[in-house]
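The structure that follows is given in the form of structure tokens.
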Amino acid sequence: MAAAERDAVSLGSAKPTLSPDLITQAPAGAPAQELTYQEAIRAALREEMQRDPAVFLLGEDIGKHGGAFGVTRTLFDEFGPNRVINTPISENSIVGAGTGAALVGMRPVMEIMFVDFSGLAMDQICTQAAKLRLMTGGQVKVPWVLRMPQGGGAGKSIAAQHSQSLEVWYAHIPGLKVVLPSTPYDAKGLLKAAIRDDNPVIFLEQKFLYSFRGHVPDADYVVPLGQCDVKRSGADVTIVASGLMVWYAMLAAKILAPEGIDVEVVDVCTISPLDRATIGRSARKTGRVVLVAEACKSYGPTGEWAMTVMEEAFDYLRAPVVRVTGRDTPIPFADSLEKGAWPETEDVVQAVHQVMAW
Amino acid sequence: MPLSQELLLEMYRRMLRIRQFETAASDLFRRGQVKGTVHPYIGQEASGVGVCMALNRDDLIAGTHRSHGHNIAKGADTAKMMAEILGRATGYCQGRGGSMHIAAFETGSLGALAVVGSGIPLAVGAGLAFKLRGETRVAVPFTGEGGTNTGNWHEGMNMAAIWSLPVLFVLENNHYAVSTNVDDIIKVKDLSLRAQAYGIPGVRVDGFDVVAVYTAAAQAVARARSGEGPTLLVTECYRLEGHYAGEPEVYRSRDEVQAYWQREPLGRFRREMTAAGTLSAAQLDAIDAEVEQEIAAAVEFAKNSPLPDPATAMDYIYA
Amino acid sequence: MAAAERDAVSLGSAKPTLSPDLITQAPAGAPAQELTYQEAIRAALREEMQRDPAVFLLGEDIGKHGGAFGVTRTLFDEFGPNRVINTPISENSIVGAGTGAALVGMRPVMEIMFVDFSGLAMDQICTQAAKLRLMTGGQVKVPWVLRMPQGGGAGKSIAAQHSQSLEVWYAHIPGLKVVLPSTPYDAKGLLKAAIRDDNPVIFLEQKFLYSFRGHVPDADYVVPLGQCDVKRSGADVTIVASGLMVWYAMLAAKILAPEGIDVEVVDVCTISPLDRATIGRSARKTGRVVLVAEACKSYGPTGEWAMTVMEEAFDYLRAPVVRVTGRDTPIPFADSLEKGAWPETEDVVQAVHQVMAW
Amino acid sequence: MPLSQELLLEMYRRMLRIRQFETAASDLFRRGQVKGTVHPYIGQEASGVGVCMALNRDDLIAGTHRSHGHNIAKGADTAKMMAEILGRATGYCQGRGGSMHIAAFETGSLGALAVVGSGIPLAVGAGLAFKLRGETRVAVPFTGEGGTNTGNWHEGMNMAAIWSLPVLFVLENNHYAVSTNVDDIIKVKDLSLRAQAYGIPGVRVDGFDVVAVYTAAAQAVARARSGEGPTLLVTECYRLEGHYAGEPEVYRSRDEVQAYWQREPLGRFRREMTAAGTLSAAQLDAIDAEVEQEIAAAVEFAKNSPLPDPATAMDYIYA
């Protein structure tokens, strides 16, 4: 698992094209430091645990070991076994226990090592936690966060049961909020917002991004849930993307600028509830839309985004919405097959050319 | 030491409330006035009441699809419960939950979850919170014998055991899971044996004997409060009605059911208590009259309560 | 549970507007009998069990009791305990055991009482069965069928944990096929095709439809997987729907005909793999599309259908695609709240007016 | 009765194959030639070999994320395995599976599933099929001690028990689940006790002693074949390497690991067999040379094999 992490690191840096300066968010001047996505998540956990004694961590090997990707490393030493709790391999009950603790006033932050394993916990996540508030007529709320690494990136090679992007499973269930940050800045701000939110929040972490760096303010801040973030504003075409795909979109924008194509990039950093207004506004402005998601194509997130464009901007469309997605396949192990299973920046560039040429 | 008259009378009152409530609810269901489904707790009254009388108001129970009785045993208001079953705005869940999700948080509930086994980890998590905060409260998940074959049960028992959490696992063996007899889905005859896999005590009691259940529960609760960890309490009872009101019961004989009716907990309690002279028939008759009135009033209250306003349909989805 | 069934029956007949004659499929002349959707499913099970000794049934209370909705009633008496097997309450392992049996040459047909409980089995369904063939480089196949009742219909009142429509959870996972029949004819033909298919097939049964009647041929037939079925052909507007919603669409078409609006109804009876060609052909023909699904709106099936229209028929669209869906809410118990949680025929009629008026 | 020289030599050969294979694979991984991850089986060789030598070719094993050893023990070809780990078209899974999903169906596998516990119900289902068809084959799911806390384990044990299926549950207690020591996640010290919850026999053996494992497995397999149902076999061994090759191991001391190295199964086997004069050093040395060559050849074969053709990317998604 940390092997996958190591790949991410090496490959992350071996891909100079995907450089941190593609996205700058920390307000100029304000004191900030450069953190990786992984460090930013850890910083959010630490600060929220310091701020609120009700916050505690629950998950497999999150103690000394620091979890599958080292995200919680050092927190066990800092907060001890009552705030950072190692569990047995019991995903459904980890989430269920988190719900029970939340029902009596705690604010658990749980980790499932890979989103792929959350199939074991779907009942507690979607059928219990998401519905408890409504089923009880508002007698209770379930304030928890479930952190789950997901997705891949060229050359991860951890095959079919450790590589999926499953945001749609959760985004389709009312009562849940679903977040997928693309940058260290967003990761920290969104996680703080998620921990302070009174609803069950699915916090997805794109594995390949763990090693990505960015400036993160020292000051306490939150990135509000429920909003898309325009990472780049442009006049000619809108790229709607989330997670790692936002970086591909930004890189594509950079590649396309010299051709005189001015790209706007809308980051769906909260997958659900979906900020339809921002997507609609951008689509009406540019009239051309490309959707990019790492998840499998069919019944994936791009469908909902496309319907949103249809509902919000139909009369403004100058070309059909085009999508770039993961292939409809379980992720194969071998490099030579895995490569084609996920979108690449080149695919995004090509899709933009396609909508511009329409 | 012997139990006080007051306590014994309250046990009888709550058992009778359950019996009358279930009878009324099933009746309303058969007459089409209750939508969905009703899973009667008749035959298990002594189990829920014996356990809940050993709890404090701030101890929490996790219920199932069959939790009218658990709520009433914990002290819930039968009028607000009947209103919930009829889907009225005055119900505990403002009509959002209905029979299967009825949960009175004001009297100590963690919710009633209709996915078998799913309530168990909630109780484990509540117990974990109690322990982390140094509270002496106890969490009590109720499960049927069918529910012990779910992964949730195993995971929850193990977690509570290794962290020695203040949890009392109550396994109500009413002998059937819908149409399936316990002997067809569990090989061990004594279900309390299952506690051994987790290194915690397993206790088995006559689930028709409210005093026996209370006594065993009180011990386990004391153990949990003092930080010694969880206990598995198996109450041997029987589901005297169909799985749901009006269920055909093609899988068991009338004789079998009749035989168990001879042992039903209310009649037995009255017989034993009056025979021993611990309680008088007059005392119990008074409660009979009182409860009959209470349930009739609950039905009236429910029927006269308004349905939830459609304008509130989007409330309570998010906090 | 059978209480829900009883409601379906009574309400089914109490809704005269939804009459069997809205859809006729059995070839005229050929010997046929009128069966309910439930009886048609049972007939398919019986005939396939007679045809192939490798076919057997696995599920909770499917023996004498006949399952939650009585679908397997009489089969235990006919085929005995080695072909109709009652299981403990262990959903994940029921599916996993089915997979294991399928790997060694059996063709299990499993039942999970309500699709809502399948959250407990997502790991075995989506992470194991769906991926085994690819992960093993084609060394094996997993020929099973998983039957799951889903959905609601006015006045079912079984609340948040017994009323969901979850086809998207499965349709998003490559390796699975997902079927949702709307009529007795399709239910029988699709189930036979599913049982004979060499892949894991999710067979969803709309609960409210169990009591619906239709003519079913006596002769052996299959309805091929992977195809949409044009239930009504029309010139002015296309309604894409599945399950119970197909009936609302047909009824809407009948209501709209006198107004001179000629509706085409495309039944997405195989949700996945999606027959994009048929949807595209119809959309190009009519230029106006209404999507109807019982599932929750956000990230539900309508998104993928909308994207398909975008990809297949953008230039032909004379109005934006409009959708009618379930509300984004856990299903509440009370009649007064439940009513609005699901689409009604009137909503479909209104949506058609909307696209026609554009 | 004493085991034949031939059998003993084959046991040594397979254990050594595993040791050498894992050493070579870990080495390739550290040098970046294997992508993803590698979970070495070193320290558990006697467990897998002892069990699999007691099986027929058409008996089936269900593997885990750590199943290189299980496959080799069952007789898989090390060249096709190494090719799979390097993601080559000549691998058992044509490069689609890699280390975590390596499964040689030709020598009797049900697959290797990397979601802990998920292989158990598959074996139960295969056992069910064997029973329904009146076959005398046996299904054998391997699980680590960490895996016994999954719902799958409980559900699978119960199903196999109530239907008395021909299943041998092998619980390999290598003392760690990633960084978590068994004592922190399971309260009972003797894991074979867990069989009692299901009314089936639980047997515990020294997992470093291949003959002891073989003998216990053979008995359980005979029992299963004769229709007497499942057995839980706990093999007490140790994970001598990190959870995955190169894993930092911050959670345990070098001393602890060193102490266990003294007991590792291959040296022990050689010592005991030569001391007792059952096998000669020369016989074992010959196997050492043979296996060293075999594994070197396997690495060569793998390195020289082609990667899967991208044109085949959409194959094997549907049958």
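Note that the chains are named A, B, C and D in the order they appear, and that numbering of residues resets to 1 at the start of each chain.
Just so we're on the same page, contacts are C-beta pairs under 8 Å (C-beta built on N, C-alpha and C of every residue); 3 or more make two chains touch, one makes a residue touch a chain.
Please read these numbers as outputs of a predicted model, since none were measured by experiment.
Engineer: Using only Cα atoms to place each chain's centre, name the chain farthest from chain C.
Structural biologist: Looking at centroid distances, D is the chain farthest away.
Engineer: Using Cα averages as centroids, what's the distance between chain A and chain B in whole Å?
Structural biologist: That gives a centre separation of 42 Å.
Engineer: Using Cα averages as centroids, what's the distance between chain A and chain D in whole Å?
Structural biologist: Chain centres of chain A and chain D, defined by C-alpha means, are spaced 36 Å apart.
Engineer: Determine the centre-to-centre distance between chain B and chain D, using the mean Cα coordinates as centres, and give it in whole Å.
Structural biologist: Using C-alpha averages as centres, the distance is 45 Å.
Engineer: Give the residues of chain A that touch two or more other chains, as numbers and ranges in rising order.
Structural biologist: In chain A, the residues touching two or more other chains are 87-88, 90, 92-93, 116-117, 119-120, 123-124, 127, 134-135, 159-161, 174-175, 327-330, 332.
Engineer: Which chain B residues sit where two or more other chains touch them?
Structural biologist: In chain B, 93, 95-97, 101, 113, 115, 149-152, 155, 158, 162, 184-186, 317 touch at least two other chains.
Engineer: Going by the touch rule set out above, what shape does the chain contact graph take here: line, ring, star, complete or other?
Structural biologist: complete
Engineer: Within their complex, state which residues of chain C touch chain B.
Structural biologist: Interface residues on chain C, with respect to chain B: 1-4, 7, 60-61, 63-65, 68, 86-90, 92-93, 116-117, 119-120, 155-162, 327-330, 332-337, 339-341.
Engineer: Quick one: in the complex, what on chain A touches chain B?
Structural biologist: Interface residues on chain A, with respect to chain B: 56, 82, 85, 87-88, 90, 92-93, 95-106, 108, 123-124, 127-128, 132-143, 174-175, 177, 198-199.
Engineer: In the complex, go through chain A and note every residue touching chain C.
Structural biologist: The touching residues are 92, 116-117, 119-120, 122-127, 130-131, 134-135, 159-161, 166, 168-169, 171-175, 272-274, 295-296, 298-307, 310-311, 314-315, 317, 319-321, 323, 327-330, 332.
Engineer: Can you list the residues on chain B that touch chain A in the complex?
Structural biologist: Contacts found on chain B: 60, 62, 91-97, 101, 103, 105, 110-111, 113, 115, 118, 120-130, 132, 139, 151-152, 155-156, 158-159, 162, 315-319.
Engineer: Using the touch definition up top, name the residues of chain D that touch chain A in the complex.
Structural biologist: Going through chain D, the ones touching chain A are 29, 35-38, 87-89, 93, 95-98, 100-101, 113-117, 146-147, 149-151, 177-180, 184-186, 244-248, 250-251, 307-310, 312-314, 317.
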